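The structure appears right after this line, and notes come after that.
Chain naming follows the written order as A, B and C, and within any one chain the residues start at number 1.
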C-alpha cells in the first residue's frame, strides 16, 4: 500500500517545481486519467464498447457552465454543482442504458456514438439555453470552502484528490461482488445469466457509475477552462478517452493512468514538428498499439496484484 | 407537390447510392473481422484526390470520357492496394489479440492517411473536375442530371458485381466461410489471409469510387471530408444489418431518404423547432429507434456471440 | 513507474519550452492541421512575411525577430495549453493568436495572466468583453461585418425581404444574427433564419423552402467550401436573389467552387481592400507568391498587418522591450497598414473598423464602395 500512497504525494511535490505549461499538461493528464478510469468501468470491466462517453462529460461541463456563470446570472457553489452534475450524468447514463443495454457488441457502440453526437448537436442548437456555438464564457472559478482555485497548481491539488478517490473507488468496485459479476458478463454473458446474475442490472449500474465519473470530470473541466463550447465535446474526444483506456491497459487502473500520461504528453512533445504533428501522432499511435496490443500494462498487473506482491515481499 | 416529392426522391437516391458504396466497405470488413474500420472513410477521401492526379496524368477528364473511366479504374486499383497494405501493416499483426486494438490501430491509420492527403493534396478545397457527364433532362417535371444517372448506374454495376463475386465465385465461398468462422474455415483448409486481403482490396476500392462520385457530384473535395460521411456510411451499414451486403445497400439508400426528407419536411412539420441544423443527427435518431426494435439491424441475422470469430471481445 | 514517467516527460517539456534565445520571439497560434488549416497556415504566412521584412531592415533595436507557429487545432483546450507554453517562454514578447473565437476566449485569460501582448484575428464581439488591456483586435468584428451588407441591401438595393442561412458555428451564426438585427431595424422583413450543419454539402431541402419565400436577398453566414456549394445549388434551383457572404468567401476558390456563372453578382464583405487596389497590396501579393509559391489566402493580408502592429509596438516600446512596455505601445498604434488605418479604442477594438464590400463581376472580385 505504501508505494501507492506515495505516488499522489510525489505528484504534488513534483508539481511545486514545474513551470505553468507542464503543470497544465499534468492537470490535463489527471483529468484524462479520471475520465479513463470512469470509462474503464464500462469498457474494461464490463466489456461493453461505449463510443459516446463525451456525452456525460459534456453534461457535467454544461451543468457547471449554466449554474455558475453570467449566462443566467447563477453562481452556485462548486461542490453543489459537482453533485448536481454528477447526478445529471448518472441519470443520463441510466436513461440511455435502459433501452440500449440489451443490444450486444458493436450495436451498443454505435448507439452510444449516436447518443454522443445527439448531445453535442443539441448543445450546439439549443441557443436559448446553451448559447449555441458561441459557447458560455466567463464561467466562475471553483471555490471550495473558501479556497479559491485559480492557478494550474490549485487545480493540480483538486485533480490529484479526485483521481485518488476515483482510483480507490474503481479498485474497490473491481474487487466487489459487482465487479465479479461484471467480469462474468464480460467473459460470457449467457453463462453469467445462467449463474443467476442479472446481467442487464449490473450493466446498468456500471453504465451509471461510469457516467457519474464522466460528469464530475466535466464539471472540473468547465471550472478549469472557464469556457465551454460544443467543439470541446466532439466524437474525437470520445475516441481519445477510449484510446486512453485501450492504450493504457483495459481493466487496469494503473494502465489507464499511464495511458492518459502518454496520450496527453505525446501531442505536446510533437509540437515541434508543426505541420507533421498529426501525421506523427497517427504513426506513433499505430506503432504503440502494434507493440502493446493488450495495453501498456496488462489487466493482471493491477492494484490488487501490486498489493499481493508487496505483502509477500 | 408530386413533382417536389419526385425531385427529392431522385436526390435522395443519388446520395443514398454513394452512402451505400461506402457502407459496403465497412460491412464486408466487419462481417469477416468484426472490426470497425475507421480508416475506411479516408480511403474515400484519398480516392477522390488520387483520381484527380491520375486523370491529370492522362491529360485531364475534360478531354475524353475514356479518361474518366481509366482514371476511375486506376484509382480503384491504387486505393485497393492501399487497403491491402494497411491491413497487412496495421491489422494483421493484431489478429487474435484483442478486438479493440485493431479498431484503434485503424483510427491511427485514419489520422495518418488524412494528414498525408492534406500534406500532399493541399489544404485548399479542391475544385473538383467532374468525372461525370453534364446535362439535365426532365421526368414528370423533376430535373434529373446526367450526373445523378451515372452515379446510380456506376453504383448499381459495382453492387451487382460484388454480389456476384461473393455468391458465385469460389473466392466468394471462401469469404463467406471465413466470415462464418475463421477457425472452422482453416480446418477445412482455407487460408483466411487470401479472402481477408480480397475484402481489403474491394472495400477500399469501392470507397474510392464513392469518393470520386461524391466529389464530382458536389464539385469540391477537401482533405477532411471523409470523417463525417464515413460516420454516416457506417451508420448505414449498421442500419441495414452489419455484415450483410444487401443490408449495406438498403441502409445506405434508407439513410439518403431519411436525410433528404427529414431535412426537407421536419422544419415545416415542427414549425421551425427542428431545423436543417439537425441534419447530422436524423440518421442517428432513426438508427437508435430501429435498433431498439430490431437489435441486429434490418437485414442482419441475430447472431449469438458464439459464431463470432473472436468470442472474447475484449 | 508512473512518477518516473511523469518526471522524465516533464523534464523533457521544461527543456523544450525554455530554449534560451537572445532574439525576440513572436508567437502565433491557430489551426494548422484540421479542416480550417488552410486559413491558419496562409494567415501565419502573412505574419512571417512581415517579420522577414522587419529582419531584413535590421530587426528591432538591433535584435532579430524569430517567429514561432503553434497548432491549436481549433480546440479551446489545446489553445490554453499553447497559451501557457508561450507565456512560459520568457523570450516571447508578443503573440498573434488565435484564429477561432472559441479558442481566443479561453486563451486570452491565460495570456492576460502573464501580461502577454495579444493581437487576435477572431471576430466575435465577445472576445473583447473580458476587458483585458493586453488584448487587441485590429480587424472589424462581426458587428461591422454583418451590418455593412445589411445596410447595403436595404439602402442601395432597396431590398425588402431577406432569407438568412448560417452554419451553426460561432462565426457564421454571429454575423448572421447581426445581419438579421440590422436588416429588421432598417424596416426589412426576414423571411427565414435557418441553420445548417457545418459539414453540409447538400442544401437542396433548404433551398426548396427559400425559393418559395422568394426573398430579394439571401445572407449566408458561413465559410468555404459550404458557401460556394450553397451559391451553386441556389442558382441551379433557379433562385435569382442576390447572395451575400462573409469574409471567408473572399477568395478565388469561392468563385471557382460556385462556378463563375453562379457566383456572378454575389456580394462579399471583407476587411481589406483588393490586392490590386493599391501598389502596396499588389506588392504584398507578389512578395507572398514569391515566398510561398502560392497566392495569398483570405487572411494573409490580416496576418501581415497584425504582425506589423506587433513589430511597430516593439519599435515604439522604448529602450527596454518587454511584454509590459509593448502593451501600451500597441495601444497607441497609429499607422496606415496595407489594409487600412490602425488605431485602437481603450477596449482594444479598432477606432474605425474597415470593412469593404465586393461583388463578383466577370469571374473576379470588384470593390463596391
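Here is the rule we go by: a residue touches a chain if its C-beta (ideal position, glycine included) is under 8 Å from a C-beta of that chain, and two chains touch if they have at least 3 such contacts.
If you're wondering where the values come from, they're calculated on a predicted model, not measured in any experiment.
Chemist: Spelling it out: a chain qualifies if it touches chain A and also touches chain C; which chains qualify?
Modeler: Both-contact set = B.
Chemist: Once you count every C-beta pair in contact for both, which comes out on top, B-C or A-B?
Modeler: It is A-B, judged by the count of C-beta pairs in contact.
Chemist: How far is the middle of chain B from the middle of chain C, if each middle is the mean of its Cα atoms, in Å?
Modeler: From the centre of chain B to the centre of chain C is 36 Å.
Chemist: Could you state the distance in Å from the CA-based centre of chain A to that of chain B?
Modeler: Those two chain centres are 32 Å apart.
Chemist: Can you list the chain B residues in contact with two or more other chains?
Modeler: 115, 275, 277-278, 280
Chemist: Give the residues of chain A that touch two or more other chains, as numbers and ranges in rising order.
Modeler: In chain A, the residues touching two or more other chains are 124-125, 275, 278.
Chemist: For chain C, give me the residues that contact two or more of the other chains.
Modeler: Residues 33, 41, 168, 195 of chain C touch two or more partner chains.
Chemist: What residues of chain B sit close enough to touch chain A in their complex?
Modeler: 30, 34, 36, 89-90, 93-94, 97-98, 100-101, 104-105, 107-112, 114-116, 119, 231, 234-235, 238, 242, 275, 277-278, 280-281, 284-285, 287-288, 291-292, 295-297, 304-305, 308, 312-314
Chemist: Any idea which chain A residues touch chain B in the complex?
Modeler: 43-44, 47, 49, 99-100, 102-107, 109-111, 113-115, 117-118, 121, 124-125, 186-190, 235, 239, 242-243, 246-247, 250, 275-276, 278-279, 281-286, 289-290, 293-294
Chemist: Would you pull the chain A residues touching chain C in the complex into a rising list?
Modeler: The touching residues are 7, 10-11, 14, 18-22, 24-26, 28-29, 124-125, 132-135, 137-138, 152, 225-227, 229, 231-232, 254, 257-258, 261-262, 265, 268-269, 271-272, 274-275, 277-278.
Chemist: How about chain C: which of its residues touch chain B in the complex?
Modeler: 33-35, 37-38, 41, 168, 194-197, 199-202, 204-206, 208-209, 224-225, 228-229, 232, 253, 256-257, 259
Chemist: Okay, in this complex, where on chain C does chain A touch?
Modeler: 1-3, 5-7, 9-10, 12-14, 16-18, 32-33, 41, 69-71, 74-77, 80-82, 84-85, 87-88, 101-102, 105-106, 109, 124, 126, 129-130, 168-170, 172-174, 195
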